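One chain, subunit A, links the two complexes that follow: it is found with subunit B in the first and with subunit C in the second.
The block that comes next holds the complex of A and B.
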């Protein structure tokens, strides 16, 4: 049977550390400013009755995804096999219609080719330090800590003129592993499970109080936030 | 692999058919790496190899994912029971440190003999050999002039191999001056534990069994201690326990806690003392641990003295004395006036804490006691664990043993010149000044107060240091009163900086030596303290080849220096290393620095990997298996081993009235031919008489006059700081706003909106913050998470020389943000010799610029 993946983030466990966001950059080779995983934080109230909340964000892989509807060339699509909202870099024409339609702001556009820093021929401190290009040459990859495993089913590093976003680490799910942000969350706050599998742990997790972002919009998000921060 | 544009590009480019400009794509992006590493199969392409993260002093065992010799990912080592597969956000940021092009890439020497902030050092590349020869010449000069004591080694972040470069090398050369950074880290909390239960070290906690925790300045889901373990259980802990956080700023832990007590900085002691008062007056102390009144009637009544004869103690000593001397009048109402926390909240926390006894934990962190008068505050926080009976029941001050070997004796290699030098007084003030007892485990002078080294240099007190070898330090950044350090470093005739990044201290160096990032580029054992009830030793296994020309500071450098000294007629150092070190398996002696590093590591750790050596913990079958597993775990802590007279104090009991401290203070006083009252006076404490021997309240000490400097400045830590070394990483900057109140790519001063309005300051305005010690200019952030009258700011940025992200302009020395240590006063908690950077130690004024 086809799968229908969804994520739970237990806000009671979440410590607002951004390890998920750093891990996502690490897994998906995203450049500075391109963050598939990010956060919303709020400080409300007045001293000393102050409340701080941190909500990790990412693509919601909406069942009713506005980005998919907006994309004129079907580069943004729902994958029937796994229920994810995926981006096909090859089809993408960079028109940004998806970005405009996504109410969550989780799609990024490559204004320029990523990781150009590593081509820089100038060192920061004369002969004391190295040039980025020197390190790149020695290490042999576009970014020294480049993750080639991402290349299995998506552009491992995207390029100028297209958008990019969280693919729910579909390459990892495909080989039976949790997404990287889930694996590296030190608080064990995140989980991805198959809503179509009645034995999946996700159903038990969803017995906690939970909510999704902007349910009112009818997007049917599949990132469920359990309990509160 | 399905054919798509990506593959097409790869294929066409690889066969030279690619036509530039044919598409808008970046042609070489994925395709032409050394090995393309593109995957047609969906399989892991790398291997996880063991190492240790030293991003903070949790020192977590990690694994690094190696693909074709590259470090690509980091995770917790699942074999390590203290962090069981978890690592915190900082561990990943290390990837950007190790591959940072801004690192020092080769040995360099200074060509401009003049030193100063404004001088261009004129660094030019040299060989390792020339560097070693130059250093050896400087050392020989000292030896020829019988002034080897003017040699000094400064230690910053280190591994268990530090005993060679930092421990033994100075003694063989002939100097007592090995100065560690430890005193600017966390020594005062150790003071608190030592004078209650004779433990000089970090505590561990059995969170899983706690029902109530008071966290004093502690933010353990964000920064030290034991972050990954605490993070992993925090969600469950919230289900089972109540958590109260005492912290002037709304930390993440405070935000998630049941109670936030935003104490006026430096006044935590009032709260701790008042909580003790309530526990006694309301009969909430844990009787099976502390004991009871002989007639069973509670005589702890506010304001009334109790007779010592009426009470019978079990595990503890001096409860009634403590009550009479320091607690009887310390009501929550009294504490409310001092701490800014409402009396009702103090009552509530005290009662809930007491009712949870003995499943109640008082957990202190440096923020609450690395404070000018914080020694007694730390003692009060430690004493609470005695009152509720969680000491050695839930709170571990000790731990099981992790057996390692000590280094071979140097006795035969210390000649007459060295002996004379070793017997000279030390440069730092620890113990030798009345105002600086700096007691480690009750021994005056057992701590070397790092920050007094600057005073020693500036005033030639007792003599001027001449030759310094300094590794993984950045003392003119990390010590309070950093401008003062600039002057001291400029005065220092010869300094070698062994460092990862060119840093502020490097600017004053005569020689720069690039050293490995320990997590990735060297083999070394790391002996951490306990976590999750386990003691351990973890292994850094040198998982990549460095792209830089590095040599290992703690072993290769002394080896090469030993060879250089031998060439100049002094062979004791290299003889020691050659003769005394031998591979425990083959018996082979080292022939070069790298071999020496490996042999030293094997010798040190042999008890852990040699299955024939008995120990309580993991059994590992040999060296190779040890490297593969990367950690050794003890058995879990056996609680109550200190009970019934084994507390290790002077009385053998858990001391509320500290005979142990009395003895230590008396020793220091006698060393200076004076009495304890005079010690109290010299060390800035207000206590006189018996008060000096019990945990008690001391009013906060602040530098600066309130009329001129109306605000209190409060310094705090970041969840992203790798000990102030991560500001040059983009991942750090992008998510800097994960620290509550902070901003990405910035370093803001957080001001309560009420104060900001009064000063006409808007969010984002640049402001000049001036203290009696210095000035920084940073962006203002209006934030409700700080108390009116208190400006809070995170430590870790404000680097004027640390790389292209951390520093905005290298030549003009413009930092991103401002360094808190520029405005913090160089003051100490003198009993433990600690740099007192917290507790609102300085007042400031704010001006809009």
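The block that comes next holds the complex of A and C.
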């Protein structure tokens, strides 16, 4: 039976350290400013009656995904095998219809080729440190922290003129591993499970009080926030 | 003829320079990418989309006016059908070029054919405009060769095409549930209404100024038709005013952040001052009586400015309010403006070429009785 992956994020466990965002960058070779894993934080009230809220965000892999409906060339699609909302970098024409239609603002556009910093010929301290370009040349990869595993089923580093977004580490899920943001969360606040498998732990987690973002829009998002304060 | 050419030469030179800057900016965009644009991840669509919507609507409007005579049998309008049709082509083709500059990977446009998503309004827009442009060109070719039967058939298709393409273009925005300025069935219809208004305004300006520059005298009949068009535009503007009011009222009831942007926020001055006052109310007052040709031009100019700003507020304002309340900003860059100006200059040049080569002032079935009617009393 086909899988239907969804994520839970336990907001009472989440410590707001943003390790998920850093891990995501390592795993998916995203450039500065390109955040597949992001967060909303809001501070309301005035001291001493202050409320601070930190909500980690990512693509919600909606069952009724507006980006999939808006994409004119099926570059954004629902994967029948795993229920994820995925992006085909080879097909994307860069029309940005997906970005305009996404209610969560989690799709980014490559205005330029990423990681240009590593072509820089200037070092931080002359004759002391190497230039970014020298480091890049020595290591022989696009970026020093390049992760070739991302290339398993998606463009390892995307390029100018196309969009990109969270793929829920489908390359890791494919071999039975949790997404990297899940495995690197120090508070173990995250979990990805198969909604189609009645024995999956996700069903137990979803017995907790939970919500999704902008449920009113009918997008049927699949990132569930457990136990909000 | 020499006088005509000499009179038109400065316009050709200016339009040529603007076009050259536009083409340079397009080339620059292809080389450097969209870093030259003001769009961001928060505001993905930029002013090129605004210009495309504005120009494509103008083209559809002029196509619709051309079908009044060609397809719908209003013989009175036949004398402007050819010019209107040609203008639609002259505006639409540069508009499509402007649009392509906002595509990150224009080289992959083939996927529109090999991997169509029938759920996507943007795919339908591409398909409809693709067919529509070809039929428009065929219709003009048939007018030129005097094949009346082909003109009639093509005209019916372009009539449907203009309405379909325009409303589908509106549908791209109208299906985005998360953006209150876009969402809902009213927007596609408003786009069709805008198309008629923008098209009539452009056609009036182009026709009157062409006669001014060529120093030919307009027949009373043509003045009468233009006067009718001016009156029709005023009525349509009143409907547009109603649309705007109802949009504000509905936004008020849902307490949308977008409401604040228009009512008293970032875009309130241009909305009330340019869209409503200059673009709708002033032209309605001007067009109430004595619709002289120059008055039509001035009113038409106001309408075009209002309509452009209206589309700017709709497209850009619709994107400013972010999913979780933050309000983004957007500023157009020189490159974006240069591409748009280049597109408009391209339209002007294509039109001037048509005036010179295709005798657009060809009159239909001349009716002597009508030519005696004074324009100011017509309608």
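Here, the second predicted complex is superposed on the first by the 228 of 229 C-alpha atoms of A that agree within 3 Å, B and C clash if a C-alpha of one lies under 4 Å from a C-alpha of the other, contacts with A are read in each partner's own complex, and residues count from 1 in each chain.
In this section, a contact is a pair of C-beta atoms (placed from the backbone, for glycine too) under 8 Å apart; a residue touches a chain by one contact, two chains touch by 3 or more.
What you see is a predicted model; the values in this text were computed from it and never measured.
Residue by residue along subunit A, subunit B and subunit C are tallied for touches, and B comes out ahead. Of the two partner chains placed around the shared chain by superposition, subunit B and subunit C are both touched by A:160.
Looking at the shared chain after the overlay, A:25 reaches subunit B, while subunit C stays out of its contact range. Using the contact criterion defined above for the overlaid structures, shared-chain residue A:229 touches subunit B, although it does not reach subunit C. Using the contact criterion defined above for the overlaid structures, shared-chain residue A:104 touches subunit C, although it does not reach subunit B. By the touch criterion stated above, A:66 is placed in contact with subunit C alone, subunit B being left untouched.
Residues common to the contacts of subunit A with subunit B and with subunit C across the two structures: 113, 160-161.
For subunit C in complex with subunit A, the touching residues are 33-35, 37, 39, 41-42, 44-45, 102-106, 108-109, 111-112, 115-117, 119-123, 126, 172, 175-179, 319, 322-324. Residues of subunit A touching subunit B in their complex: 10, 12-19, 21-23, 25-27, 32-33, 35, 39, 41, 43-48, 50-54, 89-90, 113, 123-132, 134-135, 138-142, 144-149, 151-153, 155-157, 159-161, 171, 174-175, 183-184, 186-189, 229.
Those residues of subunit B lying in contact with subunit A across their complex are 4-6, 24-26, 29-30, 33-35, 37-45, 67-68, 70-73, 75-76, 86-89, 92-93, 95-96, 99, 101-106, 108, 123-125, 221-222, 227-228, 231-232, 234-236, 238-239, 250, 252, 255-256, 260, 262, 502, 506, 512, 547-548, 719-720, 730-731, 734-735, 737-738, 740-741, 752-753, 783-788, 803-804, 810.
Within the complex formed with subunit C, the subunit A residues making contact are 40, 42, 66, 68-75, 91-97, 99-105, 107-113, 160-163, 213-214, 217-218.
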